[in-house]
Amino acid sequence: MQLDITHLALEYENKDPQEILKLALDKFDRISISFSGAEDVILIDMASKIKADFNVFSIDTGRLHPETYQLLDQVREHYGIPLEIVFPESSEVETLVKEKGLFSFYRDGHQECCGIRKVRPLRRKLATLDAWITGQRKDQSPSTRATIPVVQIDAGFSTSNHKIVKFNPLANWSSAQVWQYIVVNKVPYNTLHTKGFISIGCEPCTRTVLPNQHEREARWWWEEAVDKECGFHKANLVRNESGVAR
Amino acid sequence: MQLDITHLALEYENKDPQEILKLALDKFDRISISFSGAEDVILIDMASKIKADFNVFSIDTGRLHPETYQLLDQVREHYGIPLEIVFPESSEVETLVKEKGLFSFYRDGHQECCGIRKVRPLRRKLATLDAWITGQRKDQSPSTRATIPVVQIDAGFSTSNHKIVKFNPLANWSSAQVWQYIVVNKVPYNTLHTKGFISIGCEPCTRTVLPNQHEREARWWWEEAVDKECGFHKANLVRNESGVAR
Amino acid sequence: MQLDITHLALEYENKDPQEILKLALDKFDRISISFSGAEDVILIDMASKIKADFNVFSIDTGRLHPETYQLLDQVREHYGIPLEIVFPESSEVETLVKEKGLFSFYRDGHQECCGIRKVRPLRRKLATLDAWITGQRKDQSPSTRATIPVVQIDAGFSTSNHKIVKFNPLANWSSAQVWQYIVVNKVPYNTLHTKGFISIGCEPCTRTVLPNQHEREARWWWEEAVDKECGFHKANLVRNESGVAR
Amino acid sequence: MQLDITHLALEYENKDPQEILKLALDKFDRISISFSGAEDVILIDMASKIKADFNVFSIDTGRLHPETYQLLDQVREHYGIPLEIVFPESSEVETLVKEKGLFSFYRDGHQECCGIRKVRPLRRKLATLDAWITGQRKDQSPSTRATIPVVQIDAGFSTSNHKIVKFNPLANWSSAQVWQYIVVNKVPYNTLHTKGFISIGCEPCTRTVLPNQHEREARWWWEEAVDKECGFHKANLVRNESGVAR
């Protein structure tokens, strides 16, 4: 398939998430929604109103909150869709823990653990797809997500033989819009959101925030870097480092 | 003392909370800060930087969260100030509970319980004062607090013989400003704020809010009224009903 | 009324709690069950099977757990009985807190706070009764409750003019028997019991216990005394000090 | 190695856990303590007092409580030992979840999930050992563990080519003895034990118990079977079915 992604990104920049999502589901067969168990659940609700049959996957790092596992299953039942889990390789987890224990990320950074529990399983999954759909938003991180387009070639996961397209239908929505959608449409949500959590990742690497604190403060808070980014979206960092996108 | 409160309100409308607070503490001897155990704690921090000796009182309704009692005592120790508690009359509480149980507010509204546990103790306390200082802010309630001045005659608690002046030094501050002050000045705060609570009142009448939900949704949520207001500040409702202030 | 309490205690020593409770309710009109919000709830269940009309009171110290207030009200609704609350005198609470803060018991012992919040309200209530019924059990405290009779003159609260009789229908039951009764009879119970709490008192003065730890370890744990006793039952201590009962 | 296990079981039946543990560590090189993250932590404390160098492994099912992961790492640091984790095969977890979701055990029993997340990883680990050490106790389950010996041929995991010996040093200890050991020796313990948990397994399959409820009620409580047993110790069921051991 030949798509001019740059052109599409401009054409759809001001369109609704639902239109971007419809474009994605229309253009690609081998496409799946990446569902983290947080407020990106609205992508599933939107997709269910576009077509009956769509794919969803979640990376189960083995360290998610109990509440997140509950939401994943609740979504599976509520929308009547199969839940595809991608799980880390046991040998890689075993080797890391034997060498460094279960909380090495607090000492030497989250990249190694994320690499094993999130990035490599994601790469394995993306090798079977031509495009994926994420819940990334510009307002989630002023330093790393402020310029994400609604659709892009995924520079982090494409290879010379296999281009991966990444759709970000919520790129231009604010957190307030997402939550209004959830409440109005009665979308199931993670009960952690009633306990002070905004951003939700792995249990040991997520914390609650104070009122008016930016949600990015809830992730990898022990690390100094301004440009904290999830391994899912490391291309955001590449773009920043190049100085082009900022 | 003869003060032109209307004139002062205009003069101080755009001044910093600290200046308003200093005015209050300068002009009145029989004055006290009303501390609810929530983010109005910054009034105490500000006062402690203006003078060594100031008064603080809290209404202990007998139904506060354990975390709130802990903050009250932490503030007492941190600032080295006596903590004055005003407690409901035992006979009034006993009579209400015998007649209606411990959760009658869910059935017939919060006014009766608030009247006994908050408003009458407050009235008893205010009878000993000429002025009080509150943490009210315009952004706390679009329907009842949008026009509160920085200083006013307290129409709810003044009598024909005894005028009470009410200072609202934080009237024009946003929640974001309050929280920036707390973080920058390392002010002790209620640990409920790390568990999803923004607005904090009595335990059965306070709940957490979802991300981006207005904090007023956290109080008396079972009541339909748009103009929900705390008994402390019922004059806000009077003003609204008159149609003048809105 | 002339009752030979010593004789009754012997006669009923080996009888079921229900028989002791029936005796109490038969012999006295001015009698009430003291309900703490813990597993003594079974006294209410038993009484409801003996007669339709009986009295229950609880001391609301103003520092109970939210879960305990919920149980008190649930019991009120479940059994269709009025809930009588006895509340501390506001001036006494206010004076203690102004002088010593809200957690003075951790520094100088629980007696002063218990005196104000539990014992004096209880004394005020007992002045209107001829007898009361408690959930005390021998197995609750090896050092202070091992010899409590099923009925006794209440040495702690009787005066020269007014004798108070105290019934302890559960004196000889074990914790295991109480819990079997609760489960078999589907009696409502405090949800704190599902969170590791066995003994339940005021929130700041109660904690969970480890598996196999004696429930008395959950109360006033910062005090060294072996003979820790609740102000309700201080006569237990008197007996022990005299060396007679041990 | 030729050991008469039946003879040893009789000889050590009345010996202390420490003596049984020393026997195990003396007789086998390829031996490891199976640590579940619950009160079997005392095996590690005891072993650390016998020799500096011993092996410990834990099955990380990917669904443990956050508190359990914390204890595993705390033990690793406290005793200065490497923590060996055995993790499920990703393809098996992925297939089960895709077909049945994340909570299939509530519908069709815990065996399938336990098979994938616990038993097969355990079998893989035991294939590298000649003996293992467990925290099983007779008092943990009246129906399935009442007759476990202190050492036995592991009928569940031995093959015709490879005999596995299983040591149960705590077989004859009561829960009360275990907890006395923990308290006296200041052994780190799972903080779930302060929240009402006695027996601890996977998060969705473990619950708190009421006071005096048997700890076995906390596991797989939705299943009717009297003979509930963990996949680790399925040989206990085999023995019972044969009618010999009961």
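For this structure, a couple of remarks:
Letters A, B, C and D name the chains as they come in the text, with residue numbers starting at 1 for each one.
In the analysis below, a residue touches a chain if its C-beta (ideal position, glycine included) is under 8 Å from a C-beta of that chain, and two chains touch if they have at least 3 such contacts.
Note that the coordinates shown come from a computational prediction; the quantities given were computed from them, not determined experimentally.
Shared contact partners of chain B and chain C do not exist in this assembly. Chain centre most remote from that of chain B: D (centre = mean of CA atoms).
If each chain is reduced to the centroid of its CA atoms, chain C and chain D end up 41 Å from each other. Chain A and chain D have CA centres that are 37 Å apart.
Distance from the chain B centre to the chain D centre is 55 Å, each centre being the mean of its Cα atoms. Because contacts link each chain to exactly two others and close back on themselves, their graph is best described as a ring. Chain C contributes residues 60, 62-63, 65-66, 69-70, 72-73, 76-77, 82-90, 93-94, 97-98, 101-103, 121, 203-204 to its touches with chain B in the complex. Residue ranges of chain D in contact with chain C, taken from their complex: 39, 175-176, 178-180, 182-183, 189, 193-198, 208, 210-213, 215.
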